[in-house]
Every structure is written in C-alpha cells, then in structure tokens.
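You will see two complexes here that share chain A, one where it goes with chain B and one where it goes with chain C.
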Partner chain A sequence: MEQAAIRPLKRRAKWNRTEFWMLLPSVIVLAAITIFPFFFMIYASFMDYRLDMDHPRFAGLENWQNTLTDETFWQSWGRTVVYAGGGLILQLLLGTGIALLLYHIPKFRNLFSTLVMLPVFVAPIVTGLLWRFLLDPTYGFYHWIVRQLGFDVQILGDPNFAMLAVIFMDVWEWTPLVTLIVLAGLQTVPEEPLEAADVDGANAWQKIFLVMLPMIRRMIVVALLIRSMDILRYVDTIVITTEGGPADATKTIGYYLMQVAFRFQDIGSAAAVGLTMLVVSTLMGRFFIKVLKAEEA
Partner chain B sequence: MQLKKYSINTALYALMLLCLIWALSLILIMLMSSLKTQVNMFEMPPKLFFAPTFESYREMFFGRGDFPRFLKNSLMVSILTTIVCLFLGVMGGFGLARGGFKREKDISFWIISTRMAPIPAVILPLYLIFSKLQLIGTTTGLILAYTTFNLPFALWMMTTFFKDVPADLEEAAMIDGCGKFRAFWRIVVPTASPGIVATAVLCLMFAWNDYLFASIFTNRQTQTIPIAVSLLVSQSGIKWGQAMATGTVIITPMLICGLLVRKYMVRGLSMGAVK
Partner chain C sequence: MTRSWFTKLSVLVMACVLVLSACSSGGSSKSGNADGANVSGNNAGGSDQSGGSGNSGGGSSSGSTDDPFGGWIEGLPKIEAPEGFDWRQFEGITLNVITENTPPSSGLAAHIDVFEQATGIKVNIEQVNLDIVVEKAGLDFNARNANYHIIYADPYQILAKQAQHFVDLNELNNDPTLPSIPGGLEDFIQSQLIVGGYMGNTDHLYALPYDNPTMILAYRKDVFEKYKDLFMQEKGYDWTPGPEMTWDQYYEIAEWINRKAKEGVITEVKYGTGHQAKQHDSLMNDFSNVLASFGGDYFEAPNIGDIGAENPGKSKLTEPEAIEAAEFYAKLLSIAAPGSTTWDWTGLAEAFAAGEIALAPEWHEFAGMFEDPSKSRVAGKVSWTILPKGPKGRGNMYGGTSIGINKYASEDEIRAAWLFLIWATAPQTQYMILDAGFTPTRYSVYQLPYIQTAINDPNSQEFKEWPLAASLAAAQEAWKEENVYMRPKTPLWPQIDTIIYTELSKMLAGRQSPADTMKEIAKQSDRLTGN
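Entry: the complex of A and B
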C-alpha cells in the first residue's frame, strides 16, 4: 500500500525533468526574441538614437521628457481611447445581440454562425483595402449609397467621419469573434434557471437580461479583454486607408510610434512611446489571466 | 399563439439575413469585382450578374507586378514559421502543462503578455537588432519576427490542449513499459492532434495575414503578398482590378483553412478562454 503511493511520486519527479528540457528550447528562443529586445528598447529610450547613427549618445531623460510633453503623443493616446473604446462598445453590443439572435434561431444555427464568422479570417490589410474601395468618393458603392441617402461627404477625407470609418472596419472584422465567444457562453447556460424563470412567468427579455447575461458575464469580460489587446496591436487598416489623416484624425498611438520611428527616425523617442504601449498591454494581459483563473475556480 | 411564434421566427430570420448581408457583402463585392472588367467594376449600383473575366488575375500573375514572387515568399515564410513555432510549441506546451513548475503562473503570464504586445512596440527594437545582425530584408529575419507572436501563441494553445488530455493516459502507457518520451509522442500527441492542427492553421493565418512586420522587415526580394496590396494602392492611381484579385488570393486559402478547423477556431482566437 505504502509502496503504491510512493511509486507514482517518483515517476512524477522523473517526468518533471523531461518536461523541463522540453520547455527549455521555447523559453530560450522566446527570451532571445522578446526579453532581449525589450531591454534594448529601454536602453534606446535613454539614448539619442537615430536610424543612421552607429554610436548612439547617452541622452538621459531627454526622450522621455520630449515624449511626455509632446502634445501629439497625448492626442494620439486620446484618439486610441476613442478608437478602442468606440470599437469595443459597438462590437460588444452588436456581438452580444447577434449571439442572442443565433441562440434563439430555431434552425441552421451552425450554418449561420459559420457564415457570420468569415470576416475574422480576412487579413486586416484586405479589410482596409475593401473599405477604401467601397468608400471611394468617385466609384465606391458605400459612398454611392450615402449619396443616394442625401449626404454628400467624402468619408475618408473628412476628419469627423474618418475615425468613424476606421472604427467600423474593426467592428466589421471582429464583431463575429465577440458573437462566437458570447454564443459559446450562452450554450453553457443550464436549463434549470431558465425553466424556473418560465415558471415565475418571465418573458423572453427578462430571461435574457436577468438570467442569461448575468450568468455569462465572465465570457463577456474575456471577449472584451481579447479584443482590447488586439485593437491596440494592429494599425494595418489605418495604414492602408487614411495613413493617420486627414489632419491626424486617425493617428492612433501605434501609428504615431511608426511615424516617429520610421519617418522622423527618432528611435529614442519612439522607444519611449513603445514602452508606454507595452505597459498598457501588459496590465491588460494581467487582468486577462486573473479573469481566466477566476473562471477556472 | 401559433401565429405569434410564427411572426417572431420570421423576424429572427429577417434580422439574421441582415447580419449576413453586413458580414458577407464586402467579401462578395471583392470576389465579384475581381472578376469584372474595369468598366463594369465601377457601375453603380454594382451588377450582380455579369460576364466574368479573368483579366485582373491574368494581369496579376503575368503582368509586371512580379506577383508570383510575392506569393512564393508568403508561402515560404508562413509555412516555415508555422513549422518552427509548432515544433517548439508542442514540446514546450507539453512541458508547461505537465511540469508542475513552481513558476508556472509567471511563465504563463510572460507568454501571454508577449503574444499580446502591440506590434509597433515589437517592431521597433527588433528592427534595431536585426539591422545590426544584417537580418533586414532576409527571410530569416521575417520568420524570427513572426516567431515573436506565433511561438507564444503555439505554446499557450498547446498548454491548454495538453491540459485537456488526462495524465492517466501517459502514466498508463509508462506502466506498460513505454519510455517517457515515447509515451508523449505515441499517446499524448495523437490524442491532442486536432488541437495541434488547429494551432498550426492559426499560426499559418497570423503569419500569412501580417502586413506591418513585412512592411518593415522585407525588401524587394522578400516582400510578401500583403505588401503587394499596399503597392497597388499607394502608387499613383489605384489598380483596383488587380487589388481586388490580390485580396481574393490572400483571403481564399485562409477561409478554407479556417472552415476546416472551424470547431477549434473560437478557442484559438480567444486564446483558449472558450473551450
């Protein structure tokens, strides 16, 4: 009896060693391509560093001071908040709505959810291309529709509408992901509370808002976190449609970084900007892990 | 009552149809435009029925744009990245799932925050290091760049898939005299193979769809297809026909791959949060 209890323990110890060696190559590769560059970026943020320079000069806090006092930096973060906030709210509302729709549809639910899912496979650069094509002031279909409705506005050329347009590009591409995450949550809601609500005479809306949505709120938070991190990651649609314009209306922090680094060639300041982005995304990642852990418990 | 239910269902299907039009119209318009002549493409409203022509595709493949090279580069880079990341990810993911390491939480956190790092903030330091190592413009450089997001992704996903495989399975194999590594390859890997395939497809997709890394790390010889799109657009006058054809070529393989592993797609795209 005692032996039987000890033997698996020993085996486990042996396994651990193998597992350590199995994980090690990944850790080494990942460290080489992420941790080292990370420290390099911290170093660069304290240097006067231009793309054509072989020997950067120590600059102290100059880059940080320039960056943090630069109005464009804060405006870019501000626009990022609008872009991400607007996009996330729309995706969440639409995504949850469509998920509830799919949940209640009596037939072909799988077919419909597969079809609705397709935009997530489209490369963001192609999404941008398509929207640019459809919004083109001379021969774009969506522009034509807008004009038929009586509005004559060059959507991508107008500072007020350009931001709305890039938000809609993200909404078009990623709402389906929110839908599918929420739908997966809805399908795990057990029958009993719904039946109990029926007995109590609840109508369909009450069941949705008082029973289903509260039960899947963790899924909704997961969807929000995944999307908020990805919305910070990509700038592809902005690069191909508006290039940050018109009049900087769509210059988000990611686009600003690319501009400072590769157009103005001011690596030191760009590094400081990059570090602020990393701090934000890391905090969100930490929150994501917390939510996941809470879900498992 | 019957009538009410009937009308509710009709409303649901009508709404569903609206969603489908919203989601699919762009893809369909691209597909149709790529098969139209330059004149037909700009007719308002767009015609649903027309005589298809492959002129845009012919021009794309055989014209001066050098499209076959873009395609070859894209295929090579995304397939090689996927192989490297999957190999490391399957091994490492198993190690992390079963190792019971004391720092498991910290390692997981490190992995996910690497995957979620904003692309511009990753590109900048890599660019500086790659230019010192003469890796700018090389296929190796681009593969390494893609590894920064695909390796953490593969590691994370494989960890969640291996955690779903009961440990009894490999322990039983070991009691039957199987070596530890053999138990992993012969028992655990086949059991988790749907997850491995899904992870591979997503790694392929992330690399294939990338634009920003490629725009910084490639030169004329190593450019990938997303770059071809931006070249068609940014030059004076946009070649819409070829741009639509190129877009179609970019998304078609990913639509097919995605649908093949549909069951695991949401799990992959939500970083394993949805089982």
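Entry: the complex of A and C
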C-alpha cells in the first residue's frame, strides 16, 4: 500500500526534472527580455542616468521626486485617463453594436467581418499618416467636408478638437478587435436560452440585454483587458499627427515618457515614469482578472 | 557527327558571346561610373562655358595622385595629399554614416561610388529623421561604440552635449601624413564653422559644416505684382517684400490680402501669411525670427549663439523686448492661415506650394520644392527676400549642421572617415551635388561664375538649372552677422526648446497671455538650468 503511494510521487519528481530542463530555455529567454529589463528599470530609476553622461551616478529618490512633482507628469496622466477612458467606452459600445449587427446578418457575415476587420491590419504609424492626410487643412478630404458644412475648424490644430481626433483614430483602428472578440462570444451563446426567451415573449432588445450580453460578459471583459493594457502605452498616432499638441492637449503619459527618454535622453526619469505606467497597467490587469474570476465563480 | 560538331561549335560561339558581353558590360559599368563621377564635371564644363570662365572641364585631374575623385574645376581649391599618399590604403574598410534626410545626404548618397571607387572604402549612408539621429548617436556614445563612424552633428541636439565623443579634427587636419581640408578652414563660411564645429571654445574642432538651411521670406511675386497698384492706392506705399519691410508692414499686408481674398478681389491665394506654428521645434524657430528682430533673446550668456556655453545663464524672456515680441507674434498668428497651428515646416511648405498663402517665413531649402511643377502649383511664381525687420533689427533663424567622426572608432576607421569628410565637404563635391538641392558651405563655390550667374540672374539658364538659386541671394543676405539669428547652443537645449514651443502653443491656443508665456518659459528654463 505504502509502496504504491510512493511510486507515483517518484515518477512525478522525475517528470518534474524533465519539465524543468525543457522549460529552462524559455525561462532564460523570458528572463532576458522581460525580467532583466524590469530590474534594470528599477535600477535606472534611482540613478542620474542620461545618454550624454560617462557613467550613471546614484541619485537616490531624485528622479522619483522630480517626476512626481512635475505638473506635466500629472497632467499627462489626466489626459491619459480621458484618452483611454473615452477610447475604451466608445470601442466597447461600437464594437458590441457592430458584433450584434454581424451576428444578426448570417448572409455575407464573413465578408462583412473581413471588411470590418481591415483597420486592425493597418500599422498604427500608417493609421496616423492616413488621418493626418485626411485632416490636413490644405488637402485633407475630411477637412474639406467640414469646411463645406460651414465649420472652419482646425481639427488637429485646436486643443478642443485634437484630443477627440486622436481618440477617434484609436476607435477607428481598434473597434474591430473588440467586434471580433464579442462576435466570437456571441457565436457561443446556445440557442436554448434564446428560444426560451422567445417563448416568454421577450422582444429583440430584451433578448440582447437580458440574455445575450450577460452570457458573453467574460468575453467583453477580456476585450477590455487587452485594449486597456494597450491603450495606455499607445502613442503612434499621436506622434504622427499632433506630437502632443496643440497646447499639450494630446500629451498622454506614453508620449511624455517617449519625450523624456528619447528627446531629453534622461533614462533615469524615463524609468521612473515607465514604472508608474507599469504599476497602473498591472493594477488595471489585476482588476479585470478579478472581475473574470468573479464571473467564473 | 556533323550535327555533333555543329552543336559543339554553337556552344563555343555562345560561350564566346557571353564572355565578350560580360567583359563589355563590365567595361561599360566602369565607364558608366566614371561618367557618373564626371557628371558634375561635364556640367561644370557646360556651366563654365556659359559662365565664360573657360576651364578645361571636370575630370581634368581625375586619376591623379592628389585627387582621385575627379570633378575639380578651375577656381576651386584642390583636394591635395602629402607626396606619395596612398588613397587606397584603407581599402576594405566599411564606414557607416548616420545623417538626417537632407539634400547633401541625398546628393552624396547618389554619388558615393565616386568616393568608393577612388578609395576602396565602402560607405553606408543611413538617412533618417533628426530625432532618430540624436537617439542612435546618443546610444553609440553612451556605449562607447562606433556603430556609426560619421555622425550628423546637429549643433544644438548633439554637439552641444556630446562634443567630447567626437574626434578633434584639428589633429587630423594637421597630421602631415594625411590630406588636409582643401582650401583650409577659412574657406568655410565662418559663422557656420563656429556654430557647427566648436563647443564652448575654439580649441577643438569637432565637425565640418555640411548644410545650412536658413529661414527667409518666400512670397508670391505674381500676387505682389498684380495688386501692387491697388495696395499703393489704399495704403500709400510699395508693398513688394524686401529688406526695408518691417514686421508691422508685414502684418498690415497680410491682413489686407486676407480681406481682399475674402471679398473675392484676390483669387490667387486664400490667406496673407502662413506660419509653422505647430507644437513642434518649428514653432520655436518661427517665433525666434520675431524675438530677435524685437531685440530679445533667450539667455544672457555671451557667445551662446555661436561657440555655445555649458551654462546659458539666466533667461532674458522676462525683458520688455521679449514680451513685446510675444505680443506681436500672437497678434500676427491671429490673422495667419488657420492651418498654421497644425503646420511644421513641411506642412507650411505644402500649403504654400498648393497656392494657399502669399507670404511664408520658411527654410530656404524649400525653394527646390516650390520650383518643381510636379510638387508645386506655384512654380515660377515665387520670390525670396530676407525676413522683415523689427524695432531693434532682424533675425533670420539659422539651422545648419556639420558632420564629425565618432572617436570610439578604430584608428584606421578614423583616418578612413577623415578621407570621407575631406571628400564630402570639398568644394568640388559641393559643386557636384548642387542638383540635389544642396546649398554650399564654402566661400569658394559661391565665387564660381556659374553660381554667381545663377544667383544674380533669374533669367539665366544657370538659374533654371539649380533649384535653390531662387532663394540663395536672400539666404546669403540672411547669413550676414547683422541679419542672422542663431539659437542658444547649450547642452539642455532639447528640454528648453520643448518648454518654449509648448508654452508658445498654449499662448496661440489662447490659454495664456503673451506676457505670462514669456514668464513661464523663463521660470521653467531657469529652474532647469539652475539659474
């Protein structure tokens, strides 16, 4: 009886050693590309470390103090909340709406899905260039339309519109991803609850809000998780279209980080800013994972 | 049997044909390259005929010991080497050059085979945006690497803070075993040599002048000629832009054109003036023209605009001249083409080329684009002059850059890179790449009859051949000490520049007054520089 209990344990220990050696290369690669940079960032955030220096010097909490007392840092976070919040809400609403539409159009669904997905395949830099050309005051097609409607607005040159414009660009590019995830969720909804709702006399809206959406909540949370982690660090379209302006109206935390790291070449301060982004991303990720776990329970 | 012999004979004939054609194509490719090297020589010959200087044509010294590059013409200093110097001693070395995508880089890249064939040195020219040059050079220097042997040394973003990572070119220039700079350092435009070559003092020479874009005024001569009398009737003076124009007149003219365009009187343009006022380095440049002409400046340290200073001293932007300049600039931008706040220099140039605006303070190198009918609706309709004067003088922003050698390269690489610098900045090379839209940085090139004719006679063939000729008379005027403005050269300039254009952008958006803007820039700059 005892022997029988020990044998599987021994086999398991042996298997673990094999598993360990098989996983080791991946762990080493992972350590090189994520764990080392993470610890290096922590190290750099405590150093006076600029690219024009001969050797980094220990700076204690100076970078952190400078970063956390910098008005631009907090203003950039404020704009990031608007950019990310606005973008995520719109993407969720539009993405779910389009997914429901596609779900209810069985004919040509694949064709429409492919067409809807096209913006996701465009590189973010190209998205920025595309919108810059479309909104250009000299030869931009959309700018021309706006002018024909009687509004002489400089969409990218007016602080009141520039943020809306960059949110819209993000929505244009990434709503299809949310659509795809939600559509995949909708296709897993079983027929029985919908038939039961029909029998109970539910109308189309009631079926959507009371049956379908609650059943795909997990997929919606996954879509939010992916996009929220992404949107925090997303700067490509901002770099191409507004460069953080006008009047700093589109300077998000990602753009601010890029400016500190590459324009000012202040690696120490950039590391401190980057770590704050990492903390916020992690907290957001944890929040959504918690929601997912609550859904599972 | 006969058939077999016939087959063998056919194969033999075909093989001979192939071998001969290979030899012939090899020969023609070589001669093709030689022709390529002599393009400027032939061009020079042609131009000299028209200019009447009567030289023997380019390539007269091609293949000589002293000058293996060809393209030298009468009137230019020669590339010379010490007796018995072996130009091919560094054969097999590969040099990496990182540079902004500017006209000289394109011109050199197009003619790089001239250098490679003469020296056996392979050159890779990487052309990228300036911020990428700054980043890659910074990474190289920080790691003590020489991934890039030759670096586009922007005086404000690279040289000011990283001069110690460049080779002192005086040592190479004075080395008796190496060729020295043809025509000597005195052949470079001196103000450009000082701002682009030195940092803090003139003991060490870090880089040689490579390009020299300068802000001057582009205007639509067709509009100014057509409505000259009408403006004269209403305002009582000749409105043709020129050295006597003041910023107040500029404002009045721009406003008048806006009004007449709205009334439908003027149909050629929509707006009087356009500016590069996006939240970008371009906004600082555009504002600096006005600031300097009002007698203002950014910092108090002496020589900060030429040799440069580690500590720029206290900000001068709280002085009345600076505040007055900011007030005028805000007023001017309030009547500028509405797109101005979205335009950097390229956006402004595109709007001007599209025929949107009549007046634009712009970098003179855009003259080539304006005169290119495939890119511009205003080709043949553009004239240039220096920027208007203000109450205390004039400011034409200078934006030139030099090239230097990474000191972490090996000794052979450094000496090979020196040969490249000698060739790349030589007068004959500058002359060769004029057609790429290049502006020479050498006095001697400007003295050539071809250049003189091109600059001074808008009806000449030379003028038509050289894309930049239209703007160069004004650019040369702008380089005079009393007209040029050179921004502060100090290690923290990228941060200060960012503060300046960000706060100016807030001012143009109506978020703060001109006076508050100047005070805010001064406050932030002083905090940053510790003054």
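We take it that the second predicted complex is superposed on the first by the 263 of 297 C-alpha atoms of A that agree within 3 Å, B and C clash if a C-alpha of one lies under 4 Å from a C-alpha of the other, contacts with A are read in each partner's own complex, and residues count from 1 in each chain.
Just so it is clear, a residue touches a chain if its C-beta (ideal position, glycine included) is under 8 Å from a C-beta of that chain, and two chains touch if they have at least 3 such contacts.
These numbers come from a predicted model, not from an experiment.
Visitor: Is the number of chain A residues in contact higher for chain B or for chain C?
Guide: B
Visitor: Considering only touches as defined above, state whether A:F112 meets chain B (first), chain C (second), both or neither.
Guide: First partner only.
Visitor: Examine A:I216 and indicate which partner it touches, taking first as chain B and second as chain C; both and neither are also allowed.
Guide: After superposition on chain A, A:I216 lies in contact with neither partner.
Visitor: For A:E19, is the partner it touches chain B (first), chain C (second), both, or none of the two (neither)?
Guide: A:E19: touches chain B, not chain C.
Visitor: Is A:L156 contacted by the first partner chain B, the second partner chain C, both or neither?
Guide: second
Visitor: Quick one: classify A:Y139 as touching chain B (first), chain C (second), both or neither.
Guide: Both partners, chain B and chain C.
Visitor: Look at A:A247 in the shared chain and tell me whether it touches chain B only, chain C only, both, or neither; answer first, second, both or neither.
Guide: The answer is second: A:A247 touches chain C but not chain B.
Visitor: For A:F121, select first, second, both or neither according to whether it touches chain B, chain C, the two together, or no partner.
Guide: In the superposition, A:F121 touches chain B alone.
Visitor: For A:A184, decide between first (touching chain B), second (touching chain C), both and neither.
Guide: first
Visitor: May I ask you to decide whether A:L275 touches chain B, chain C, both, or neither, giving the answer as first, second, both or neither?
Guide: first
Visitor: Touching chain B in one complex and chain C in the other: list those residues of chain A.
Guide: In chain A, residues 138-139, 262 are touched by chain B and also by chain C.
Visitor: Quick one: in the complex, what on chain B touches chain A?
Guide: Those in contact with chain A are residues 9, 12-13, 15-16, 19-20, 22-24, 26-27, 29-30, 33, 41-42, 44-46, 88-89, 91-92, 94-96, 98-101, 105, 107-114, 116-129, 144, 147-148, 151-152, 155, 171, 174, 180-181, 205, 208-212, 215-216, 226, 229-230, 233, 240, 243-244, 247, 250-251, 254-255, 257-259, 262, 265-266, 269-271, 273-275.
Visitor: For chain A, which residues count as touching chain B in their complex?
Guide: 8, 11-12, 14-16, 18-27, 29-30, 33-34, 36-38, 40-41, 44, 49, 98, 101-102, 104-106, 112, 114-127, 129-134, 138-139, 141, 144, 172, 176-177, 180-181, 184-185, 219, 222-223, 226, 229-230, 232-236, 239-240, 254-255, 257-258, 261-262, 267, 270-271, 273-275, 277-278, 281-282, 284-286, 288-289, 292, 295
Visitor: Which residues of chain A touch chain C in the complex?
Guide: Against chain C, the touching part of chain A is residues 51-53, 136-139, 152, 154, 156-159, 242-249, 259, 262-265.
Visitor: So in the complex, which bits of chain C are touching chain A?
Guide: Residues in contact with chain A: 131, 134-135, 138-139, 141-142, 161-162, 278-280, 337-343, 347, 350-351, 354, 356, 491, 494-495, 498, 502, 505-506, 508-509, 511.
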